[in-house]
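Read from first to last, the chains carry the letters A, B, C and D; within each, the first residue is number 1.
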């Protein structure tokens, strides 16, 4: 490309542009910015009148809304609870899809737990599975750390999870923000439905308190504390080894000449 | 017909004829009356501002306390009374405490000169206009002291802006007042009202009145630190300007005096240019004047003042703020020359008697 | 070698440069971290001479969350939702920037429908962002009412997003391989209703703010930035375009379906606050134009090309792609070592560079001008700090 | 200008520059001492005109014991891109500053100093950008350890 055809900044390549802010300057001829002494500026009277007119047109806009109370957009929240309808997809609280009988389909595959960006989902299994191989004990969801990214919902292969619009979730105790989503511990719906005896079904299921998540998290934290101590010890040992190795590497080239000198 | 002017002073005299306690009783009654009025008017104004602002902005404003939030101001007052009263550690404590009182006192003192109806006026001085101009200047002292004593750079900036602004605009406001004084031929506020018996000065003075009114309105808005001239507070620039460091009761003093100053401005504007409590009269057209007289003068005053207040609120909720140097240019390069020319023209009108219904 | 590491304290304890005997003592004042017009937790240390600004020293980091470090600890899909929290007013564009670099690096395919939906929601969000900016701009200049009008219209866009995306601010909608949901059945109808609602409002905005004499006097001729300086300071987006440089990635390196759309790039002349204001107002109109062209022509097709749970493997190397958000060029630099998590991920955010211009603009101006300039740059602080 | 021509043109200016593999933009590895001179040439050359430093960041290659500095240049009028890559020793991370060529580098380099501890020679105002002045360590280095850092439970 020849140098003289190079566009300058501003005249960039084949971009259709709308240039130039409108020239109609409604200011008072620079009288107030002080750029030009106001008497010298031609058309200052017209400028002043245009300026005043612009003020009135602005006042017209505001008074227009004052005169029309129908334009009020305020929603008075607790009063409009009845009519307030949030869209279906609104992400406010994670919930389990239980079928009509109250069964869920969670197989404890832990895909959602892995997909969760910040460990807001904690899944624990039962110690002694009664019926099937893997049985869900509690599916804990931490509202306090959830970012509502919806990833868990879309990755779930069985459609167990959904976000619903129950947005009034404020509580006075932070620990209450850890919910146990499953209503019972035990096998998945497919296993339960194969069981003919309703009593056996009931025996396989263990009711779960929605607010028992805090206990699960507390136990997890205790466990992590213990592992963290050992992890830190290992890390520090590795660090010391690294430093020692580096020191040795630094000392190594220095040693031979010394030896030479002695020799 | 002519209105009988009878102030509280005379009425107190009727109550206890010849007693030496008259003066004491008079002072007590005045304090009670003015304080009660100021409190009620302040609460009403704050509520009105919030509601009007809300509807300008497609909102509903306070709705929860009382019917449509009518008790909101009272709830706010209680809240402000109960708040912690903070004096910053390195502030000049005495001046910090004194500043809101001064500001409030300036506003209260103006209040006693306002003729709200022929019978409701605390003190009808023969130098009324001069008194109002002088005493309302006291408010700026409170603002300056408050900003300076807070030991905060934002407060200081706000106070300096306010000082420069109020003192500058006082000049224009006074020039506009002088126009009416010239036409009325008196400084007494009740006299000015009486002089408008054949029509308001805004239309009787061949445009001089309109120009003077416009200047007075602009300068007055600047004096009471409201948008578009709220540089002293300058919420988006100086956080809160001179009252950044004030809380609780002391803040409410500043707040209340700001709102009551708006009332004072509106009352002065309506007194000087719209006849105060004087009903709408057209010359010596007795039939029309008689119909207009059916409404009591107190109501006329209230209506005019309310309209003025609404206008000032309308400005505030429509316009953005000027910059500090533009503010000064507006005053010294635009308003002041116009004001002077206007004064000369009106003087010529008065000398030649060239205005409507000149006696 | 002269590497000297300084501190903030040393930086702001310089001597007064008062030159004439008339000039007063200069002083430092902290604007922020909590200040109404720094729009968040930005701190500007100002050296003032009376009302005149002599120097601006931005102090950043009050909302630094280490998003780049967090990105190294999760996989690519998990990084997408983090960038929502950078420039929260163009969360969708942020999503798209990450998605774009991941798709480009991992050679994932998309359909026309996906690209059209992405373009559509991003343009809607550009309007949304500019509306909020317009309101805040009015408020920073002291007029309170524009703020409510701007938010009122923005609310409608948020409602549209709520229906389709399920969130109002932090969307996490545009994902590597598609978009999280197909558009809501009522989306087209809602957008059309909104567009016809917005058009008269834009005229009203002109009456209330654009033509207002006080606004014009306040923002004309202040905060000037020449084209050369704007580029040298790394400004992008409306700030650069207001200086007269028609640099818009939607035109120069079209992504999405921008190449099929007919729109103009608004360009200013002097690079002052007024030009920046005007460019943004015009951009809203151009976005309306784009949406009108697109809304009836969303092609059919799939909206998610891969299984959401599928792992994304990005070949080792350095990958970079950028796009135009409401504030300028957002680039995502991805350094991969072939594993599931990025080795290093860096976001080139528009606000970071745009804020850098404030030092040059504001010097010599007044306090009130500084607020107008800061507002005309349209900063979003979390985007600066990341 | 397309990638091949671009690389040829830059290599004509700086013969030491080598092409970096595994990138999706034309990327050249440049020795640290030649960086400033090359950047100035790139900016001023009328056929190249890289007037915009789009971003600058570093990568910590812990295993190879080096920092890789990436300078992403773009040309606003000509619309092409180029990345410069500079490798420096991890133990002595000093590199000349680009502040004089691209003013924006002042902040970008401060960020990189803040996060990686890379020292910029002749930088006019080198101090931390995001973190406090008394922060210990450089968070984006791969060997940065922080007891408060959240870890994913296994």
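Couple of notes before you dig in:
We adopt the following convention: a contact is a pair of C-beta atoms (placed from the backbone, for glycine too) under 8 Å apart; a residue touches a chain by one contact, two chains touch by 3 or more.
Quick caveat, the model's predicted, so the values are computed rather than measured.
Chain pair with the larger contact count among C-D and A-B is C-D, by C-beta pairs in contact. Each chain gets a centre from its C-alpha atoms; the one nearest the centre of all protein C-alpha atoms is C.
Across the assembly, the mean Cα position most removed from that of chain C is the one of B. The geometric centre of chain C is 24 Å away from that of chain D, both derived from CA atoms.
Averaged C-alpha coordinates give centres for chain B and chain D that are 63 Å from one another. Centroids built from CA atoms put chain D at 31 Å from chain A. Chain geometry summary: the mean Cα position of chain A and that of chain B are 52 Å apart.
Those residues of chain D in touch with two or more other chains are numbered 51, 76, 79, 152.
Listed for chain A are residues 9, 11-13, 28, 32-33, 55, 58, 61-62, 73, each touching two or more other chains. Residues of chain B found to touch two or more other chains are 56-59, 317-319, 322, 325-326. Of all the residues in chain C, the ones that touch chain B in their complex are 27, 29, 35-37, 51, 138-145, 148-149, 152, 208-209, 212, 214-215, 217-218, 366-369, 371. Listed in rising order, the residues of chain B touching chain A in the complex are 52, 55-60, 63, 314-315, 317-319, 322, 325-326, 329-330, 333-334.
Those residues of chain C that touch chain D in the complex are listed here as 1-11, 60-61, 64, 66, 68-69, 73, 104-105, 228, 231-234, 240, 245, 247, 252-253, 315-320, 322, 329, 331, 333, 335, 343-344, 346, 348, 352-353, 356, 385. Within the complex formed with chain C, the residues of chain B that make contact are 53, 56-59, 153-154, 157, 161, 227-228, 230-231, 234-239, 316-326.
Against chain B, the residues of chain A that register as touching in their complex are 28, 31-34, 38, 55, 58-59, 61-63, 65-66, 69, 71-74, 76.
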